[in-house]
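Per-chain numbering from 1; labels A, B and C assigned in written order.
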Amino acid sequence: MSDKSNDVLLEVKDLKKHFAPHQSLAQTLSGKNRRVVKAVDGVSFSIHRGEIFGLIGESGSGKTTTGKLVMKLIDPTSGSIVFNGEDVTVTDKERTQAYRRQVQMIFQDPYASMNPRFKIKDVMDEPLVIHKIEGDHVEHEKMIIKALTEVKLNPPEEFMGRYPHMLSGGQRQRIATARTLILNPMMLVADEPVSMIDLSTRAEILHMMKDVQRDLGLTYLYITHDLSTARYFTDRIAVMYLGRIVEMGRAEDLIDNPLHPYTKALIEAVPEPRTGKVDVIKELPISGEIPSPANIPSGCRFHTRCPYAKPECSSEAEPELMDVGNGHFHACRRYKEI
Amino acid sequence: MSMKDVGYRFKEFWDDFRKETSGLIGLGILVLSLVVVLFEPVFLPFKDVDGNWRNISYWQDSPPAAPPAWTNLFAAEKSATTAYLNDPIVEDVDDPDFGLARVYTFKYNYKYDKSPLDIIFRAKGDGMLFMNLSVIRPDGETVYLGQVYEDGLAGDDIRFTVDTDARSSVYEFIRAHASEEAIANSDSSNVKATDIIFAKAGADMLSAREPLKGEYLYKVTIPASLFEDEANRIDEAKLIVTGRVSGVLGTDTSKRDIYSGIIAGLKWALFIGLVTSVISVLVGVLYGIISAYFGGTTDTIMSFIFEVFVSMPMLPILIVLSATFKPSIWIIIGAMIVFYWVGPVKTVRSMALQIKEETYIEAAKALGAGKWRIIFKHMAPILLPYSFANMALSVPGAIVAESSLSLLGLGDPSIISWGQILHDAQLSGATLNGLWWWIVPPGLFIAVMGMTFAFLGFAMDKILHPKLRTR
Amino acid sequence: MDKLLEVKNLKLYYHTSKGAVRALDDVSFDLYKGETLGLVGESGCGKTTTGVALLKMPSPPGRIEPGSQIILDGRDIMPLPEKEIRKNVRWEEVAMVFQGAMNCLTPVYTIGKQMLETLQEHRDMDKAQAEELIKEYLGLVGLPPEVMGRYPHELSGGMKQRIVIATALFLKPKLVILDEPTTALDVIVQAQIINLLKKLKKTFDLSFIFITHDLSLEAEVSDRICVMYAGKIAELGTNQQIYGEQGPMHPYTEKLLQATPLLHKKVDSLSYIPGTPPDLIDPPKGCRFHPRCHKAMDKCSQEEPPLLEVEPGHMVACWRCGK
């Protein structure tokens, strides 16, 4: 793993995705433009080779949209995505296809991500067919069995003829992972891969994903709302709020020593299995709910909910990510005072 | 999907389907129709009806506007039914006129009250032929019918009809029996030859006719010496007794057998209905999926085109088309497809809009699947079962539309369709003349065929539509 | 402390064509006045089914089997006719906030209209009175009165959940069953709702049954925890007994806790429970957990362990934990 490009596999620069709401002809003509939804509004981060990078945020923070942008499932409004030294923001069909071989996705609901009419064999065969992987049925079958073995589905032959609904949630997520592995990708984007899975087997799936990552030298972009699994699973974490990263750093640093008031609030709110809190009303530093991405506050976008907000927070330009050393970044100009 | 899965899905469908009584009725009628189409020759009394429907000479031996044979059951006086005598007894006998002669004898058992309309002798001949024709009645009387002399034959038809060719000969028979007075009082041109042959002989046989029931022998006598020359041959000798009632469903004024027409029309009805509906529904389903999947401007334009087609009335345009071009079944089917494909579009589009948002579609995209793979591999298989129901439901429309066109006289003349039978009936004033057997059956068959597919379609719709059966 | 609810030998079977699914099999527990009892377990363990059974409204083909007793405030509601239940028990004494209820608000009516309808269904009051009451309850759950004129799609998930909670409290029930009330919500909103529930409990002197799959959340809300597995109670103890230093006793609870990732502690490897919960038509012989248990012994696959009190207030159904 000695690469000249500082080992960066994926670099996202000032990525933006603005959705123009669907308008009728009459609305367009009358000039009554509805507000643009700024789902992702200037996100930059880079993921190193062999790293697990966590993207954390509440619903409406833009984390899933960021994942889709990285997957090139949607086109960005502006910004760039550089993968393995190559700008892939705008690509022709062939290069997109090549990119798709290298970057794969695991979805939140493993069941919904498989066509219910496909057998596991067909589910697994699909990437091979799409990418015209050479080989006849027998060779394809061998590859499928190898991938199923990698995710520890034993014996793999037994699963080939089944339909997704005949499997448990954990087994489905293993299949979903195996499907992404069959093309030997370099990176996986995992969008809440364990949130639909029972607690008792959640750790099992995370283990499996970690093992696969170690064995195959993969890089993960792990998207979640759950700080606890992120702490356990990831190397670095970026916290998103309303389409922007507000804090980013090594997982322990960020959780044990949060700098941004939003991160602090998030951590505060997470319940922990410890006794003695039943009669305690939790002190929540922030109130209210995340504003609509169609109506982003001026200045620091968090100021409307920030307990430490000063007038300059809303009047001055939005703070950029600042480095406090040790790879820990934050976007709060008053972090020293709080 | 392997055969086993298809089998499993089908079994699942069948388990539901057989609970639908109307669906089973529809399926029963459809299977029956298919059997009839497959074994059509078995059911057709006139095997060559297809190509000869508008050929007048093909039907010349049948009676015109004869009611169905079974109407005898309800009539006080039984009418002779049409009979085909194909196996004459051939023997060589001594004939007073010819010496040794070959005699073809047809036995006909007459047990009716009203005589047949005609007796027709038919054969194919070669070279020179000469023959005497006569009838020996149950009362022992012989009625001499006439002679046929033909030369230079080469497999040509020989046709001798009693009604026209034996008129004068039969008159001789009347003169031999009826009183002078009666003959003087009657108009010989008014006498029907068959009436005389099948009536008791007597002085007043012209005024008070009584049927003479029993076995009649129709004899064709040919001098045996003719056959010494091998060039002279007679083949396929047969006798047709043209009844006053005829066939399963009677005949029309052009002597055509309506039952044959209806059986031959069945395959066309099925063909028109199925081809139109299958093609138009497939086009519609695909159109709906594409419109939904691509979305945006494509969707807007496609929806607009769809709206235009929906708002165009089909029949007037079909009429103009058929009147402008030479009416052909292909043009009619093509035109119907142009109007029928819109049927499933709206529903399919809305369902496809839902499926499009499913995660597995997104997952397929993330894997790199192209749009056509997603449309054909992921979306179409889920929407197709629904379209089966749609296909069944649009069959009746196509059948009725073709019938309507034909009724207006714009059908394809090279096929037999039920609508055309109705058209002919209407032209001949069948309703005014009380020829109900010409109007009711084709109308009924159009209705039953429509109902069959409607039943099938409703049953399938109920099973396949409510849930998309994906989970 | 007085008992508000006593559940004895509760059995609820779903009678399917493949056999009876024993969703609840001999479940007994008490609920004291003013207490929050937590029901935890994996999906399909019978948590929600217990809640539904307490309202006496199992969904077909489910049936509460004879011999089950639900004693509410000293009165067994099992023999009561449906009419009486509807008039005096359901929503009047026992209310339930269903999982995902916030997504079941009718999209075409305003919040006010929907709340008004619910209220007038049960209480004989005119519109002005009812609206006053609604405003009062909206205030209690921390919503401004203007919300009455809004449509559900204009509100956030947290606001909708507050409305559902307010609606459940209208008729002043003694017991509120909360089925995963915060599952679809973000952590900060979840914490807000939990705080609200704690306040409301004090204000109205309520008792809660709090159903969730989240052991961490349960630690913050429930006085006593009831861990369910495959339609049975595996362990029942106080918050201290389950989450305290000494830790839980049943191997299932123990493993569940070890599988819970902790925010402030970096662990190298989380443990997990292999396999999947059993088929409830034909559950394993003996202890239902033994095929997945790391401490199973021969006896576990032979005999079913009874739910025994191993220390005051701490019940465990495990052969390893007998006294």
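Convention: contacts are C-beta pairs under 8 Å (C-beta built on N, C-alpha and C of every residue); 3 or more make two chains touch, one makes a residue touch a chain.
Remember, it's a predicted structure, so these values are computed and weren't measured experimentally.
Taken pairwise by the contact criterion, the protein chains link up end to end in a single open path, with no chain closing the loop.
Chain pairs A-C and A-B differ in how many C-beta pairs are in contact, and the one with more is A-C.
For the pair subunit B and subunit C, the distance between C-alpha centroids works out to 72 Å. Centre-to-centre separation of subunit A and subunit C, using mean CA positions: 32 Å. The distance from the centre of subunit A to the centre of subunit B, with each centre set as the mean of the Cα atoms, comes to 69 Å.
Residue positions of subunit B with contacts to 2 or more other chains are absent.
Shown for subunit A are the residues in touch with two or more other chains, of which there are none. Those residues of subunit B that touch subunit A in the shared complex are 1, 5, 358-360, 362-370, 373, 378, 381-382, 470-471. Residues of subunit C touching subunit A in their complex: 36, 42-43, 156-159, 186-192, 194-195, 198-199, 213-223, 239-240, 242-244, 255-257, 259-264, 266-267, 269-274, 276.
On the side of subunit A, the complex with subunit C involves touching residues 58-59, 168, 170, 198-204, 206-207, 225-229, 231-233, 251-252, 255-256, 265-282, 284, 286-287, 289-290. If you check the complex, the residues on subunit A that touch subunit B are 71, 73, 96-97, 100-101, 104-105, 107-109, 112-117, 119, 126-127, 130-131, 165, 176, 179.
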